[in-house]
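Look at the two complexes coming up: chain A is in both, with chain B in one and chain C in the other.
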Partner chain A sequence: MKNFVRFSVIKAFVLKELTELVRTKLIIMVYMMPSMVTILFGYGIAMDVTHSRISIIDNDNSKYSSELISKFSHSKYFDVTLTHESEAQALEKIKKAQSDIILIIPSSFEKNLLKGEKSELGVFIDAAFANRASTMQNYVQGVIQSAATTSAPMMTLNTRTLFNQAMRDEDAIVPGLIGLVLLVAPAILTALLIVKEKEKGTIFNFYASPIGKLEFLIAKLLPVLLLHSVNIFILFIWATYLFDVPFRGSFFLYWLSSEIYILISLSIGMLISIIAKRQIVAVVLTVIITILPAFLYSGMLMPISSMQGASWMEAHIFPVMYYNHILYDCFLIGQGFDSSKIVLYLFILVGYVIALLGLGALFLKKEMR
Partner chain B sequence: MADFYPVDALHVSGVSVGYKDKIAISDVSFEAKSGEIIGFIGADGAGKSSLMQAIAGIVRFSGEISYLQHKYHSPKEAEKIKIHTGFMPQGIGLVLYDTLTVDEHLRFFADLRDLKKDAAFLAYKKQLLHMSGLSAFAERQAMNLSGGMMQKLSLICALLHRPKLLILDEPTTGVDPLSRLELWEILRNIAKEEGTIILVSTAYMQEASKMDRVMLFHNSKVIASGTSAELIDSIRPYVYEKSLADNDENSISFDKVIYSLDSLNLSLHEPTLEGLFFVNALKERKKIANFAIKSREDDEVIPEVVMECHGVSKKFGAFVANEKIDMQLKKGEILGLLGANGAGKTTFIKMLLGLYSIDEGKLTLLGQSIKSGKDRQELKSKIGYVSQHFALYKDMSVKENLLYFASMHRIEKKTALSRIALYAKELGFEEYLGSFANELPLGVNQRFSIAAALLHEPLVLFLDEPTSGVDTLARAQFWQILQKLKEVWGISILITTHYMSEAQFCDRVVLLKNGQKVADDTVSNLYERFPKAKDFEDIFLEFYKEKA
Partner chain C sequence: MKSVFFTIVFKELKSFMRSAALVAVVLYSFTIDIYVAGEGIDIEPRNVAVGYVDNSSGGISKKILSNLHSPEFVAPVQFLSQKELSNAIYNKEIMVGLVFDNDFEKLYREKKNTQLNVLLDATSASQGFTTLMYLQSILFSFEDIQIPLDLKIHKLFNQNSDNKSFMALSELLSLITMLVVILTAIVFVKEKEDGTWDIMLLMPIDAKLTILAKTLSQVIIVMGGVILSLGFVIFNIFDTPMNGSFWSFIFLTFLYTFSSAGIGLFVAAIAKDVMQVAQFSIVIMIPLIFLSGAWTPIYTMYPFFQVLSFFSPLRYYIEGSESIFYRGTSFVDLYPYYFGVVILGFILYIIGFKKIGRLF
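On to the complex of A and B.
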C-alpha cells in the first residue's frame, strides 16, 4: 500500500453511503428524529405547574383576605375561583378533578392578624400526582408568605421563594435536549451503517478487499459527521426561535463543541457496531448506553454539583456533563473562552474523541468472528 | 509435470479452521495452478466455506497458505495478497447493496479497488456486462434483479480488478439452471483467458464435470480429490446392480444400486460421484440405519384425490408469485414440485396450508372445498407440514420438542410418548432423543422434523425443501423414509426441492418457472419427450430455454 489513506476509496464509500441513505429513506430519520425529540420533549417536560385551579372560600371578606386573594389572582401559577360553598362541597370538586387546590380563609382572619394572634388557613391539595402536589404546595406557601410580608410589614418574615419565578422551563430544558439528541442520534446512525453491512453480508467487500481499516472507518464516520453537522444548526434554530431560549455566548464555541461532541457520539456508535451483529441489537444497545446517561447526567433533572459519591463519579465519566456545561454557558451565561473551566472541558471532550476512536480502530478487525 | 508448480500457484498446506470448540475443517493440503478450476463439493457444514474464507484471508486458521510466493498464516498476513484475490461469499446477492444500480455497483467496486478508469478498464467493464447479459440492466437497482442476475452481478464485481485468484462460495446454489450454465460459461472464459485460479464450491454434483479437479468434503474433512473421472473410477469395483436378494450388513443399498466393499456376486453398475460418499461411509464403517415403518394406528379412509386446485394465483403487489396453477395430488403419490429459487414453490405450499390467502382459484383438500379459514380448521389434524427452515426450540431436548408438537395437536401424553419412542426407533434418532436441538446434525434434524409432522398421523404430507444442504447419505436415507411411508401408510406427499436429481424419486413432477407451471408429468414420460437428455437437469433446462 503506497498511500496510507486513499482519497478515491473513501470518496467511493461516502458516495455509496449517501446514495443508500437517500434511497432507503433513512435520511428522513437523520433529520426527523433530532427535531422531533427536541420539540416533543421541549414542550412535554414541564417541571413547573401553571394555572392550577384554586378554589378560595373566603369566610372573612376583609381587606387582608382580599389582598391575599388578589396575590393569587395575579400569579400565572393559579386560576382563582371564589366560591361560597361549604368545605364538603369544595372537597367534592377535588374528587371530581374539577379543582386542584382549596384555600379556606377563616372568618376571624383579619382580626387575629391585627391582634397579632395566630391565624390558620386551611389548604387542601390534590396529591394524585405527588410531584405536582408538592410543587403546588410550595407555590401556595410562597404566595401566602409574600402576602404576609407586604400586607403586614410589622411581621418580618424571613422568606425565600421556593420556586424561581424568573427561571423559564424552556431555558433549562432545551439546551439539555440538544446534548441528549446529539449524543444519541449520530451514535445510532453510525452503528446502523456498519452493522447493516454485517447483517446483509456486504461487509465481505471490506474483509476481502485491500481497503485499509482506517479508510473503512473514515468512510463510515464521515457521512454521519457531515449529515449531523447540519443538525447543530437546525437544533439551534428550534431552541432560539421556537422555544425563545436566549443565546448569550459565542456561536463559534457552540458549533465547535458540538462537532467534537458528535465525534464522540460517532465513536460510541462505532464501538457498539463492533460488538453487535444485528441492527436491532445495535439500536437497542446504543439507546441504552446513550440515552440514560444523557438524561441523568445532563443537569436537566439534577444539578451535577448536588450529586454525591457514585453518581458524581458517573456524571464525570460520561461526556454529557462537559458538553452540557458548555451548552448552558453558550445559551444562558456567555462566559465563552474566558472561562478556564470551559477551555478545560473542551479539551476533555477532545480527549474522549481520541480515546474512543483509538479504541475503535484497535478493536475493529478485518476478519469474521 | 503434475508435481511442478510455477510461482503463481496456490499452495495450501495443513490448513484447519475452528470456531470456539468446533472444528470446521481440518488439515487440508492442496495445490492449484494458473488457469485451473478446482471444485469443492459437499453438504452444508462440511467445511467448504471455512476453507475458502481461510484462503481469502478473512478468518483465522492454522497451517500455511502461500500464494504468489507470499506465505500467510493469519488474516493480517493475508492483507498483501488481497489485491490479487476476488471473493464471493455464499448467499444470493450477499455482497450487493439493494438500492444501488448495476452500474453504480461496478463503479463502487472499481473505486474500492482504486482502479484507474482508463479505456482498457471501460472496455473490460463493457465486456463483463456483455458476458453476464446485464448490459441492458445497467440502471436497475440490485433488489429488482432476479437471483441469477444478482449472482452474475456479484461475479463480475469480483472480476472487475482482474483477480488472479478467484474464490467463489456456492455461486450457483438456488439459481435457475440457465443462469447456472451462463455462470459456468463466464468462469470457463476467465480461467482460460486470464489464467485465473478459480476455487468454486457447489452443492450440485452434476457441476463436477465442469471442473478441472474436484475435492469432496464430508464432516470437516476432504475425503477424496482428483478429476471427476478419476474419482468415479476409484469406486468402480464397489458399485453393483441392485438385486432382489437381501443385502448383507456391510453394504448400503439405495435406489437401483448397492454399494459394498466386499465383492458381491452381482453385476457392476456405472458409478456416480455421489457414490463416493456412500463408499466413504462404508470405509468409515458407519452403520446405516434401516428404516421400518409400522402401519398407522387409526384406519382413516383416504380419498382417491387428496388435493386438487384450479387456477390458483397469488400476487404480492405487482409481483406474481403463482399464476393460475392447476394441480392434483392423488392417494399414495409422491409429487415433486421443482423449480429454482423464487419460482413460487414455497408460496404455493403456503397457500395450500392457509398460511397465505388464495387470491384467485379453487382449492379442494381431502374432498372438501376450501373457502375460508373455518374449512381448514378440522383438516389441520390430517395434514403434516415440514417448513423450509424447520424451527425447533433450541433450549429443549428433542423429546421435549416432540412432546410440545404433540400437545399442539392435542394428542394424549401416553399416545404421544409411545409414538415418539416408535418413530425414534424407526427413523433412527433414538440416540439423539435427549440432545438439545442445536446439537443435531442437519441430516438427523430432517428425520426428526418428519417425525414431528407424523405425530398426529396425517393423511398428507407437505414438505418444503427438506433436503436442502443435507449431505448425500442423509438425503438418500430421507428419501427411503418417504418411500416407506408411502408404501406402508398410503400417504400422499407433496415435496419441493431444487435438486433436479431428486426428481427420479418422485412418482410425478411439476416444474414451476416464474410462478407458472411449465410441466406436469411422470419422470419417465419426460425422459421420453426429451430423448437427448442425459439427466433430469437437462430436461429442466429445456423448459427454461423454451421461452427465455
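On to the complex of A and C.
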C-alpha cells in the first residue's frame, strides 16, 4: 500500500472514467434526472388541498342556505356541486371516489337561525387519505365559522409568517427537492462503479496494477463529483428563476455545503459498491436507503422539531436533516455563517464525509477474496 | 411447453434465493422500510413546538397557553425576549411563537380590541396553515363565541384519520413498483450483458414464453414480499382497516405487478447494462409515482399532467387499493381499475416482446 497519491495516475483514471460515462450516454442521465425530478415535483406536489369536490345537499332552499353555499363556491378550496340526491346516493359517490365531501343542510336551517336556535349541519369527509381529510375538515370549519360569526371576536391573531410570507408551496418544497435529488442521483451513479468491475471481472486489473487504494477511490469518485457539481448551479437556476423561490442567504454557503453533501452521497454509493457483490443488490439497496429517508427527514413533510422518539433519532442519523437546514436557511432565512448552528451542521456534514470515506477505504480490499 | 415454462421460472427463483444479500435487501424493504415509513411521519401538525414571550401580567395568557396541549402541541417553552424567541425559530427549534404584549391583559379586560402576536415558521406551508386554524379555534372557544351552527363531522372509512397506516400502505405500493421494475429489468439486462440472452433466443423455444416465465418469476418474488409485508407490518403493526375483500386486493396486486414487470421489460429493452437500468428506471419511475395521485390528488394537478396520469398503471392501482382498504368498494365496482392495469400492461408487453424478443 502506497501512502502517496500520484496525480498522473489519477488523471489517467479520471479520463478513462469520464470517457466511459460519455460513451455510455450516462452523462445525459447525470443532468437529466435531477432537473426532471425537481421540475416535475416542483410543479406537481401541492401540499395544500385545493379544489376539493364538495357535494352540497340543500334541503332548505332558503336565502340563508344559498348564502352559505356561495361562501363555498367563492373559496378556491372547493369545487361545489349542488345535488338533490339522497344521503345514501351521495355516500355511494364518495365510495367510488367521485366526491370528497358531502355537506347536508337541514330543512329547518333558516327557521332555526332566525329563531336563534342551533341547527346541525352534517358533513361527511372521505378520510382514506388521512392528512388530506384533516385539512379539508379545517377548511370546511373555517368557511362555516367565518360565515356564522356575526359579531367580530375581540381577540384577533396578528400573524407574521416568517420565511414564506405568501405561504407558497414552491418555497417550501423546491429547496427540499434539491436535498432529495443531490442525495439520490450521485449515490446511484457511484453505487455501481466498483461493483460493476467486480461482476465483469475487470476489478482484477485493479488488484494486479500498482495503483494505490486511495488513488483508486479518488479516481472513481472525482469524475462523478465534478459532473454533479454542475448540478448545484443548474438546480439553483431552476429554483430561483423557474419557481421564483427567494434566495436570501449566502451563495458561497450554498455551494460549499452542496459540494460536501454530494461527497456524502458519493461516499454512500461507494460504500454500497464496495460491500455489494452483485449490481442488482447495489441498485436496490441504494434506492431503498436513499429515497425514503431523503423524503421523510427533509422537513418537507414534517418539521424535525415535531418528531419524537425513534423518528427523531433516525432524522438525526441521516445527513439529510443537516443539509436541508442549511439549504432552507440559504433560500428562505439568510442567517448564513452568523448562526452557530449552521456552522455546527456544516462540521457535522464534513464529519460524515470523513467517516464514510474512511469506512470505504477500510473495506476496500486490494486482493482476491 | 409447460415444463419449459416452469423450468425457467424455477431457475430464476433459485438464482434469486442463492444471492443471500439480495434476499436480505428485499426482505428489509418489505418489512423494516415500510415500518419506518409508517412510524416516522405524521403530516398533520402533532407535537408542534411552541415558544412564547409573556410581557403581560400573565392571567389570561396562562389560560390561553394551557389550551395548547398534546397531541397537537408540546408544552410551550418560555423565552425572555422576543429576540431569543425569533432566534429559536430561525434555528428551527420552535415552529410557532406567541408574543403577549404589555397591554395585552389590560386591553382585554377593558374589552378593547386585543391582539395576540403570532410568529409562524411557514417553511412547511400546509402545517403552518393548519396550526393557525387550531390557534384560531382555541381563541374562539376561549372567548366562548357562540356559533349558531353545530357541525357534525363524520370522517368516513378511516375514522381516526390514522395517517400511519396510510403512509405505510403508500410506501408498500411505491415499493412494489420500484422493486418489480428494477428486478425484472436487471434479470434481462444481466443476460444481455453476459451474452447469454442471444443464446436463449437461438434456442427452439418461443421467446415470448421465455419472457413471460422470467417476468412471472420476479412477480412471484414481489408477491411473496407483499404477503409478508401485509401479514407482519400492514395488518399486525399498523392495524390497517380492510373494508373490502382481501382477495380482490391480492388479485389487483397480481395484475399490477405483472403489468409493471412490463415497464421493467421496456427498460430492459432500451438499456445496455445495469448502470443504464438504474438510471432509466429512476427516470421512468419518478414520473410514474408522481402521476399516480399518491402525493397529490389527480384532479388538482395541471390539466396536462391529468391527461398523462391516465397512462400510469400505478394510478389505477393506488386508487383501487385505497378503495379496497378504506372505502370497502365491492369487487364489481372495481372493474375500471382492473381494466386500466390490464390494458396498460398488455401494451407494455407487446412493446417488450417486439424489442427484446428478437435476435436482430
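Note that the second predicted complex is superposed on the first by the 260 of 369 C-alpha atoms of A that agree within 3 Å, B and C clash if a C-alpha of one lies under 4 Å from a C-alpha of the other, contacts with A are read in each partner's own complex, and residues count from 1 in each chain.
Everything that follows uses one rule, which is that contacts are C-beta pairs under 8 Å (C-beta built on N, C-alpha and C of every residue); 3 or more make two chains touch, one makes a residue touch a chain.
Because the structure is predicted, anything quoted here is derived from the model rather than measured.
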Contact-wise, after the overlay, does A:Arg278 reach chain B, chain C, both or neither (first, second, both, neither)? second
For A:Ser8, decide between first (touching chain B), second (touching chain C), both and neither. first
Touching A:His74 in the superposition: chain B (first), chain C (second), both, neither? neither
Going by the contact rule set out at the top, does A:Thr24 touch chain B (first), chain C (second), both, or neither? both
Which of chain B and chain C A:Ile304 touches, first, second, both or neither: second
Kindly classify A:Lys16 by the partners it touches after superposition: chain B alone (first), chain C alone (second), both, or neither? first
Counting residues of chain A touched by each partner, does chain B or chain C come out ahead? C
In the overlaid three-chain picture, which partner chain does A:Phe204 touch, first (chain B) or second (chain C), both, or neither? first
Set intersection of chain A contacts, chain C complex versus chain B complex: 24, 200
Would you mind writing out the residues of chain B in touch with chain A in their complex? 53, 56-60, 75-76, 79, 82-83, 85-87, 89, 91, 94-100, 104, 107-109, 111-114, 141
Quick check on the complex: what are the chain A residues that touch chain B? 6, 8-9, 11-13, 15-16, 19-20, 23-24, 200-202, 204-205, 207-211, 365-368
Chain A to chain C touching residues, read off their complex: 24-26, 29, 32-33, 36-37, 40-41, 43-51, 53, 91, 94-97, 112-113, 116-135, 137-138, 140-142, 144-145, 148-149, 151, 153-165, 167-169, 171-172, 184, 188-189, 191-192, 196, 199-200, 276-281, 283-288, 292, 296-297, 299-308, 310-311, 314, 325, 328-329, 332-333, 335, 339, 341
Listed in rising order, the residues of chain C that touch chain A in the complex are 19, 21-22, 25-26, 28-29, 33, 36-37, 39-49, 86, 89-95, 108, 111-130, 132-133, 135-137, 139-140, 142-143, 145, 147-159, 161-163, 166, 171, 178-179, 182-183, 186, 190, 193, 272-280, 282-283, 286-287, 290, 295-297, 299-302, 305, 319, 322-323, 325-329, 333
